[in-house]
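Both of the next two complexes hold subunit A, though its partner changes from subunit B to subunit C.
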Partner chain A sequence: MKNRHKPKVAFFSFTCCEGCQLQVLSCEDELPDVLSLVDIVNFREAIDEKRDDYDIAFIEGSISRQHEINEIKKIREKAKVVVALGACSATGGLNCLKNRFPMEEVQRVVYGDKAKKYKHLDTIPARPIDAVIPVDYYIHGCPITKSEFLYVLKSLLLGKKPEIPNYPVCVDCKMEGNICVFEKGMTCVGPVTRAGCSAICVTYGCICWGCRGLIDNPNLEAHEETLKRYGLTTEGVLRSFDLYGGWRSR
Partner chain B sequence: MKKDVKINIHHITRVEGHGNVVIDIKKGLIKELKLEIVESPRFFEAMLRGRKYDEAQHIMSRICGICAVSHTSASLKAIEDAMSIKISRQATLLRKLAFHGEMLQSHILHLYFLVLPDFFRVGSIVPLAETQPDAVRRGLRLKKLANEICYTIAGRHIHPIALFPGGIAYTPKESELRTLRKRLEDSFEDLEATLVLFKTFKTPEYSEKREYLSLKEGGEYAFYDGDMASSLRYSAKPKNYRKIIKESIVPHSTAKHTRTTPPSPLSKSGDKRGVYMVGALARICNNFNQLSRKAKKAAEELALTPLSCNPFMNNAAQLVESFHCTEDAIKLIDKLLSNGLKKEELTPPSPLFKKRGGGTGVGIVEAPRGILFHEYTINKDGIVTDANCIIPTAQNLKMIEEDLRGFVPTILNKSKDEIVRNIETLVRAYDPCISCSTHIMNVRFV
Partner chain C sequence: MEYRFLPKKGIAPFVTGLLKDFKVYGPVEKDGFPMYGEITSPKDIHLSHAPTHLSPKQFLFPPKETILRFKNGAKPALEPVIEAHNQALFGIHSCDIHAIKLLDRVFSYGPRDVNYLKRRDKTVIIGIDCVPDKYCFCKSVNTMTVDSGFDLFLHDVGSGFVVEVGTQTGKNLLYKNAKTKKATMKEIKKIKEIRDKKAEMFVTKLNAEASTLPLIYSGSYNSPVWEKIGKICYGCGSCNNVCPTCYCFDVRDEIKTNLTEGERFRVWDACTLEDFAKVAGGHNFRKTRAERLRHRFNRKFQYLADKFGGLFCVGCGRCIRTCLVNINIAEVTNELIEEANKDRS
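Let's look at the complex of A and B:
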């Protein structure tokens, strides 16, 4: 039954909510096809099988404990291609919010004064996986979008380099025909955030929180039109970019 | 059987998050038994500290991908309670609808992806795609529909967008609700087929009296609103939850354990005191009469009664609730449509908030895996200064250990592989959500 030529794919999960893995399982229409094209050899949340021979490793979650560093290094040694799956993994994501405080304080705040006694509650500042190992490709978002995951997987199977957008969410937002939230007196980090999500949060009545991380060069590529129209500066918008910017701005 | 067995299951598969089971049996007696929770703690309280009140639900949703709507809802209720914000009737109905979407999505995922392979004695749903293609396709169809409920209301299931302090930031179109309604009606066929399938599976015989804790509400089967209620016949208002539940750190778990404090006739021995179960089975046992018609019928066929004390029946309970949620979702849509949809929009609640200042608020909901508590203190500038949060799986950890203690001695005559398989099946029946359970908070920020 196992086809020798099928690429072997593994999923790993570090410090996170496992929502990005769940997004993969939410590709209900495509899952049967995906399963016919690849061998999934490691996906603890959904299958019993655990094998160590994989070609592509999708890694979700930030690195936030010492032992995770060792584990992820082992994965890097075995995998031919490593893909960061989601914000926690690609940029550190929301987990980095805890880095605003000293780790002892973080522990005490959660587990009380006794925390120090317990080794199993140890923690280090949360970081993206590329702070620990080299990463080949990034799938952004908190959570990832199903379509981007499928696109990256398809590209890798075809031996092509996936192209991830490097322009601001405002571009997507205009295409969706949304009214800019600055119009309603709210603020938004869309002008400096990497597009690729169809500005879904603005479409559903909220703001862009920046979950897909910054565009490569916000100082050059921020959305001019929005900045001009609402009298904003790139630095100003970057200052509001702190929910998902923890690791970058340390 | 007086034999020696050492069991060490490293990272149980097909559960959410990282957990190990360690059992040491000498001469047929249990020397050591623990469910180790090794998931990395994420320290949400530290993440929340000093953030604005309207970021709280966004941050707290990220406690768990599977229960994102539940965490968001509990978070919103806590924020709105703290700041005395009232939301519209329509917003409540929409939130309840999204809630059903999550409940269905979680139960179906568990039943089809995580439990079904056990019944067919395979390691995952992957081989079933070839041997049981109809069942797998049915599971995927049901899961997809559940997701679509959330997409329609909140834009996404995993980290819902439109659920926002003050109500809801988006109004679905009437046509979208009508399409959804039609598809929900059609899905009963798949649910019935699921019932037929699950009825053929044998549930292990094991039964032990236990305390069930859940929400209870006068007017409906409680998911989103209500007071705390125990099967031991005491109840409490949400704001008094700390009087009922006590948390403690244990050395083998990054999730705290919890116990109920009111005296219990079940818990004479010190170790068992206040051990309780939450989740679908607890809800059904506490609120059986409020189940929908089709759900009651399903319960009857699955031989599930409010007196059930078999944790393996939690799977049946999830299926029964799937009927209930589908029926109730249709009812909610009918209500929304007959009231006529009004446009909901996000009004920055800051003006409204400035008048009232901050405070402390509690939000309790029934997540798929059981009762979930969020409590925040918000200062007059709208900054979160204090938070406490108790997660369903953490509440079940002690009960799972108790059940293993009771169940394992009854299966010692089996081979070691079989014992391990049975243990995993029991742990899985609880549908533990381990990554959630480590994000418990009990804090006083300075």
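Let's look at the complex of A and C:
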């Protein structure tokens, strides 16, 4: 690999908690190898350097303000490959919960009555980045899993298309040997949610909240019926679907 | 056939003895439900007679298994990986023993699957009688009892266990690790009494002889039942993954971050998943959930029966329990039986 041109990689962050970038930084064992394969030219959370010549852009966060639209379009123009990094970027994520309310109200709740006077406090409904620019690949999850980030990066470097699971979390649960959440008297959205997380939440006693978004063809009608059969109201069902799926339900 | 009598308090020392030579897997409790898991002390064993949520196939055909290590670069290298250790599967029910016998045939058919077969060679199986729950229908598919495929089989006759010796290996293990005596005729007769009682306990039943099911399925390709269940199916693969006879897998490569070394591994795959039948170019020859379910059911009752000469549904009922939308393989089969009867009359 030595003589090859090292691809330049940049990380960008929009509306989010920046936890997915932190996951990248916590790949401590692999980072020396990663740095021998790529040049990182823009990564606000890790380095001071900021260059605008990059091949691969990993973009974290959803788009929730007008000026972010302009910024991300510039990134798309420069990058050969754009990868959505994490739930906010890939599906809109938790940020889309705000879309249930009028934007003026959201602004007032967060910044107070005078908020609307200040232009820099503007806000628009939160959206995944592919609602604004074309996206080449997706790394799902809230946060992303380190292994999947590395897998996608390695695939891109090898010129292979990364295969992201298109089966639901139920598969991961069975492979992990978990007792089904529904058997334990709880409910989850695992049967319609994209796997690839090794069902980590269920494995550690929680439920699946759906952070990796829906599989390509989820049977949502069936899942609505199931959730109701297990005691959820229509409102409860909507809440289950909306936690991470707010953008989709609009 | 040799029958020995083992008092109940003899189980703990027997298991302690097994632990010296084997990794032992047996029935444990997880979150209050019966499962198979590793036993590190006799105390771990939870000898309920209820069916476990996942099948013991995981110990012979693990969900994820490395099969090859490779190295690229100037001097490429390949090294096959076969992971197998001495293991004892303890407390296996007759349906699951039937299932393992079917897997043995599948993995020896055509190119021999060395990973499975090596592991199988190093495995001893100790069966135990069970009590059907509301999903079990082994009696309808002739797997309620088993006369081979185990090294030892424990029949709980109340006062203790009558141990049926299946192989010389089993006999050696029993003599080495337990104090037993020859079972009396009365104790042996008790096995049949208990079995007769068990036969009356089934809630789930098929309404036709097991031998007629391949024919019934062969005439059911265009039945409306497939669309009906396809509509409510998630395509989540749970029925496949809990099934003791589903053996499909996918093969993938994983490369290290140095981009030169890596592993090839196989993982469970499931024919009810959307991408199972997706091929190059994005074509999918079983696009709908209805088509995929019809395929799965036919694999159990027709296609593999034609190929291997026995039903591939062992009536364990796990797929019924796991299905969140209540697709019931026994009810569906009964609907097909009814349709076939109507067509005939």
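Please note the rule applied: the second predicted complex is superposed on the first by the 226 of 250 C-alpha atoms of A that agree within 3 Å, B and C clash if a C-alpha of one lies under 4 Å from a C-alpha of the other, contacts with A are read in each partner's own complex, and residues count from 1 in each chain.
As a convention for this text, contacts are C-beta pairs under 8 Å (C-beta built on N, C-alpha and C of every residue); 3 or more make two chains touch, one makes a residue touch a chain.
On a predicted model such as this, the values are computed, not experimentally measured, just so you know.
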| item | value |
| --- | --- |
| Joint occupancy of subunit A by subunit B and subunit C, clash or fit | fit |
| Contacts of A:Ser64 with subunit B and subunit C, given as first, second, both or neither | first |
| Subunit B versus subunit C as contact partner of A:Lys154, first or second or both or neither | second |
| Touched partner set for A:Leu97, first subunit B, second subunit C, both or neither | first |
| Touched partner set for A:Leu85, first subunit B, second subunit C, both or neither | neither |
| Partner chain(s) touched by A:Tyr204 [first = subunit B, second = subunit C, both, neither] | first |
| Superposition-derived angle with apex at the Cα centre of subunit A and sides reaching subunit B and subunit C, degrees in steps of 10 | 110 |
| First (subunit B), second (subunit C), both or neither touched by A:Val189 | neither |
| Contacts of A:Val106 with subunit B and subunit C, given as first, second, both or neither | first |
| Closest approach of subunit C to subunit B (Cα atoms, Å) | 9 |
| Residues of subunit A contacting subunit B in one complex and subunit C in the other | 1, 184 |
| Footprint of subunit A on subunit C - complex, ascending | 30-33, 35, 37, 53-54, 58, 63-64, 231-238, 241-242, 252, 254-259, 267-268, 270, 273-275, 289, 322, 324-325 |
| Interface residues, subunit B side, partner subunit A - complex | 11, 13-18, 38, 40-51, 55, 58-59, 62-66, 68, 109, 113-114, 117, 123-127, 129-130, 136-137, 140-141, 143-144, 147, 154-159, 161-162, 164, 168-170, 249, 251-254, 256, 344-346, 348, 435, 440-443, 445 |
| Subunit A - residues contacting subunit B, complex | 1, 13-23, 25-26, 28-29, 31-32, 35, 40, 43-50, 64-65, 68, 93-95, 97-98, 100-101, 105-107, 109-112, 114-115, 118, 120-121, 123, 126, 142-143, 184-186, 200-201, 203-206, 209, 243 |
| Of subunit A, residues touching subunit C in the complex | 1, 30, 33-34, 37, 150-151, 154, 157-158, 163, 166-168, 170-171, 174-175, 177, 179-180, 182-184, 191-192, 215-219, 222-223, 225-226 |
